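In what follows, chain A forms one complex with chain B and a second complex with chain C.
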Partner chain A sequence: MKFQSQKVAWGFFATCMLLLSLQVIYGFIMGFAHAGYDGLHSVIPFNAARATHTNLLVMWLLAGFMGAAYWIIPDECDRELAWPKLAWVQLVALVVTGVTAIIGFHLNWWEGRKFLEIPRPLDFLVVIDVLLFIGNIGWTVWKSPKKSTTSMVLFFGLLAAALLYLPGMIPTDNQTVDSYWRWWVVHLWVEGVWELIMGAILSYLLIKLTGVDREIIEKWLYVIVGFTFLSGILGTGHHYYYIGTPRYWLMVGGVFSALEPLAFLGMAIYAFTMAKKGGRTHPNRVALLWTVGCAFMSFVGAGFLGFAHTLPQVNLYTHGTLVTAMHGHMAFWGAYAMLVLAIISYTLPLMTGRKVYEHASAGFAFWTSNIGMTAMTLAFAVAGVSQVVLERRAGMDFLTVQKEIEVHFVGLILAACLFTVGIGTFVWNFIRYGLPNAPLKAGGERVVTPPPDVSPGVPAVARS
Partner chain B sequence: MLSKSAAKAFFLGGTAITLAVFLSLTWDTFQQIPGRTNAAALTDQVKRGKHLGEDNNCMGCHTLFGEGAYYAPELTKVYERRGPVFIRSQLKDPEAMFPGQRKMTNYHFTDDEVEALVAFFEWAGKVDLNGFPAKPTLGAPAQVLVAAAPSAQRPQVFSQICVTCHALGGLGGTVGPALDGVGTRLDAAYLEKWLKDPGAVKPGTKMPKLPLDDAQLGELVTFLSSQKTLKEVAQ
Partner chain C sequence: MTSRTLSNPPGGVLPWLVVALELLTFAIVFVLVAMMRHSAPAAFALGQQSLDARFGLALTLTLVTSGTFAAQGVHSFRAGRLAHTRAWFFAAALLGIGFLVAKLMDFTSHAAAGERLGASDFWDAYVLATGFHALHVLVGVALLLFVVVRLGGRRFDDEETAIAGAALFWYLCDAVWFFLFPLFFARA
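Up next, the complex of A and B:
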């Protein structure tokens, strides 16, 4: 840790751990309801559990991105954060807004718009909160003489994400228009600007962990985010097939969605190549595992499974079925959840001075959660494909089909237990790292990380 | 080999072009939406129905235009599939139609609110969705082979309400018993008495008392009485 103000990232990461744990619990509530055990229905009906589950996800990922930015930006810009205290205020405000929204969901106070359920008055608080964040980060970048590609891509990714929240607030009486704008937020986030943030954070981690030259890594960062936007912007069309928008979206969405895996494939090849090229062994192997794992799982979940589901002729039958849940789970896990867990794994030892990553449990958390999530995806796949064949193709009644596939949700719950063991271990390790108040070793960061612009292959010891 | 500035140019150029195309298509889409969604039919009642659906997060369980959660049935064509009688009954008392099955919350809608939601579903069913939801192609041949009576003779109330719980010719719900051959097992007088008030004939039955008018009741009794077993048909 080079700068004291980077410590604020810990607060955001701790929030992530709390919200992620809650998200898992709400996932179980829904899994049991699908398997036929809906004992909580009168207290937490399915729609409340669902809104809570997805909004907790969005909230903890955003908290993770903010934490990552508060860590990366001072490091890349070589100066303290502009207003460290404001960052803490902004964290508290984010948590308060989020908790209010979640409580509201349980009291039937929401906007029933998938992923954007947060009630309108709270939307404005979110906007203010994000503006404070962008201001803080932006001012830090602005005041710094050093503007690295990584920090600029990260900043503009975050700024665009903030701006894209606004179309979701346009009022309309037409369901089609409503859906149209909603996807500007949701799609252009997860398959657009969030990938910018993802690319930047991956770059930062690869620069730090592999020792490959910054110029090479940042060049490929441009290529990857180039592919992301080239395919992702018009790829929004795959949400405009069947909502009342013109037929040409079938063609536009189909072609450009088919290109979307390229960006993720690029990301995976990039991470693997850089990890292999690195001439230096960083002691924090677990952070590298999460980094490379993130690039790989995002290709499988977001790239490959997304491609399989967005061809118009397939989507005609899979649209609005559990097949979407299959793709969604692995895509979000691979692309964004693992990314945040990667940056947490990298920064914690630097913040606390402890090396929990040396313990076997750190690797155990990675493998168990990934095997668990893969098994969950398979359970969703079996349930989803069965639903498509029986209900959409053969015309069986909805409820009859749901009973047929209940057993796959028992499988899902078992897989989720495995996943939960992995996540539980990760959270437990987070707690074992302790608070970021351990005395900093002089030049502690530099022992394990090369300063920028040092050619690869030079052993870290030789430099210090 | 590719230089960093060339990579940057690729990123900025590609983004600018696709963004320009995307914005033009968006402009064109907004020109077409009023026609495709029959915006002229967006009465105050329909609008109210849409907002009621949002205020109570229907999409948290159901899908509409294929969007939402996957816990409850797709609502786009619910007006055509189940009809207003069923929708009203379901909204007023969600557990009447599917006793002991997957539950829906009772939102205690007023009569006006129920009508607004019905109007909204009627509007939604008529939006041009490029062929979504597709007709189940695999089920159609099976239905022709097995069904005792051609579906054309089925009263509308049977196709919309009865099949929710009962199957005929292999298609329909499994909450209640299948109705194949019901005309052989039960006579018309019993069927009429049963349909008027199931609870009076068999206290504690899961079958709800349906809001049927006399004409619908007559149609149903005639139709169900005609469902004979193959053996009886042969004689």
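Up next, the complex of A and C:
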């Protein structure tokens, strides 16, 4: 840790751990409800659980991005954060807004718009909170003489994400028009500007962890991220199939959705190549595992499984089924959850001085959660395909089909248990090794100086 | 003439990577247009009657001439005459702007006759495919003009990528149009 103010990232990461744990609990509530055991229905109806599950995800990922920015920006800009105290205020405001929204969902205070359920008054609070955040890192970048590509991409990615929150607030009485704008937020976040943020964080991690020249990583990674981003913009079309928007969106969505997996494949291959090129000198192997794993799983989840139902001819049958849940789970896990867990794995030992990565449990958390998520995705796939065949091909009634596929959710719950063991281990490690001022336990020794980011003796990679 | 390897193409690897991805994208577009034509032959036959083959030919000649100018600009650069490169590129960009203006007038006049996005499968295909191409022409013009302006002041760190790369992107716009032209105007 180069600067004292970077420590604010810890607060955001701790928030991530808390919200992620809650998200998993709500996932279980829904899993059991799908399997036929909806005992909590009177307290937490499915719609509330669903809204809570997805909004917690968005909330903790945003908290993770903010934490990552508060860590990376001072490091890249070579100066303290402009207003460290404001960052803490902003964190508290974010948590208060989020908690209010989630309690609201349980009291039926919500907008009923998928993924953007937060009620309108809270939207304004979110906007103010994000403005504080953007102002803080923006001023830090502005005052710094050093403007690296990574810090600029990260800043503009976050700024664009903040601006793209606004289309979701355009008032309309029309369901289709509302959906039209809603996807500007949801899609242009996750398949647009969030990819810029992802690119910046991945690039930062690869530079630090592999020791390959910054110039090489920045140039090519941003080329790839640029392709992902550009194909993603018009890829918005694949959300406009069969919802009342003009027919030409089938054409636009189809063409650009076909390109998206290619860009993700490029990113995965690139991360693997860099990790191999860089040698195995950095002690924090687990952070590199999460980083490369993120690039790989985002290809499988976002690129490959996304393409499984973004062609109009396929989507005609799969639209709004559990096939979406199959893609959604692994895509968010691979692209963004693993990204945040990667930056946490990298920064935590630098903040606390305790080498959590030397413990087998760190690797165990990675493998168990990934195997668990893969199994969950398979369970969703089987349930989704069954649903498509029974409901859309055989023409059975929606609820009859839901009854038929209950059994697949038993499989899902078993897989989710495995996933939870992995996540639980990660969170437990965060608590055990992450509390900055807690007394040291056996096995956790304090490091006098943080491990060097780039170890000497790494062969300089030939410039292409 | 210097010999080149695959890892050292004229313009560098990056512009060729862009070209490869663009060609792939447009290949998907061509296949899609073919599929749409196959599924709605009547709409395509009707739509093509509203197109003027002479107009299409004029657009084609504008782009080809412009591409030749850009090529001359690269030759001048290789011969070390950067002032000539600027002039050639500027001429190429002017023709590119002419293409864009003509295309814009084409879209507005058709739209006035009700032949716009959403009118039929043919007009969806025509407006989206040639519109997407026009977007590339716009980027190409911007790249050429950027090189023209920049060469007036400082030199580029990597002149090969900047000059030969911009020209390469410009040829890409030509190459794509060579397919779009017959696809829409052949039976007009």
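The rule is short, and it goes like this: the second predicted complex is superposed on the first by the 432 of 464 C-alpha atoms of A that agree within 3 Å, B and C clash if a C-alpha of one lies under 4 Å from a C-alpha of the other, contacts with A are read in each partner's own complex, and residues count from 1 in each chain.
Note that contacts are C-beta pairs under 8 Å (C-beta built on N, C-alpha and C of every residue); 3 or more make two chains touch, one makes a residue touch a chain.
Since the model is a prediction, treat every value here as computed from it, not as a measurement.
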Original post:
Which of the two partners, first being chain B and second being chain C, lies in contact with A:Y357: first, second, both, or neither?
Top reply: neither
Original post:
So, A:T324: does it touch chain B (first), chain C (second), both, or neither?
Top reply: first
Original post:
Who touches more of chain A, chain B or chain C?
Top reply: B
Original post:
Is A:R50 contacted by the first partner chain B, the second partner chain C, both or neither?
Top reply: first
Original post:
Does the superposition put A:V255 against chain B (first), chain C (second), both, or neither?
Top reply: second
Original post:
Where does A:Y241 make contact in the superposed view: on chain B (first), on chain C (second), on both, or on neither?
Top reply: first
**OP:** Once the structures are superposed on A, label A:V223 by its partner contacts, choosing first (chain B), second (chain C), both or neither.
**Re:** both
**OP:** Could you give the residue numbers on chain A that contact chain B in one complex and chain C in the other?
**Re:** 223, 227, 246-248, 252
Original post:
Which positions of chain C touch chain A when the two form their complex?
Top reply: 7, 13-14, 17, 21, 24-25, 28-29, 32, 36, 117-118, 121, 124-125, 128
**OP:** Report the residues of chain A in contact with chain B in the complex, numbered from low to high.
**Re:** 30, 33-34, 38, 41, 45-48, 50-51, 105, 108, 110-114, 117, 149, 173-180, 215, 218-220, 222-223, 225-227, 229-230, 233-234, 236-237, 240-250, 252, 256, 316-317, 319-322, 324-325, 387, 389, 391-400, 402-403
Original post:
What residues of chain A sit close enough to touch chain C in their complex?
Top reply: 223, 227, 246-248, 251-252, 254-255, 258-259, 262, 464
Original post:
Can you name the residues of chain B that touch chain A in the complex?
Top reply: 2-4, 7-8, 10-11, 14-15, 18-19, 21-22, 25-26, 28-30, 32-33, 36-37, 39, 42, 46-47, 50-51, 53-61, 63-74, 98, 101-103, 105, 107, 124, 127-140, 142-143, 163-164, 167, 171-175
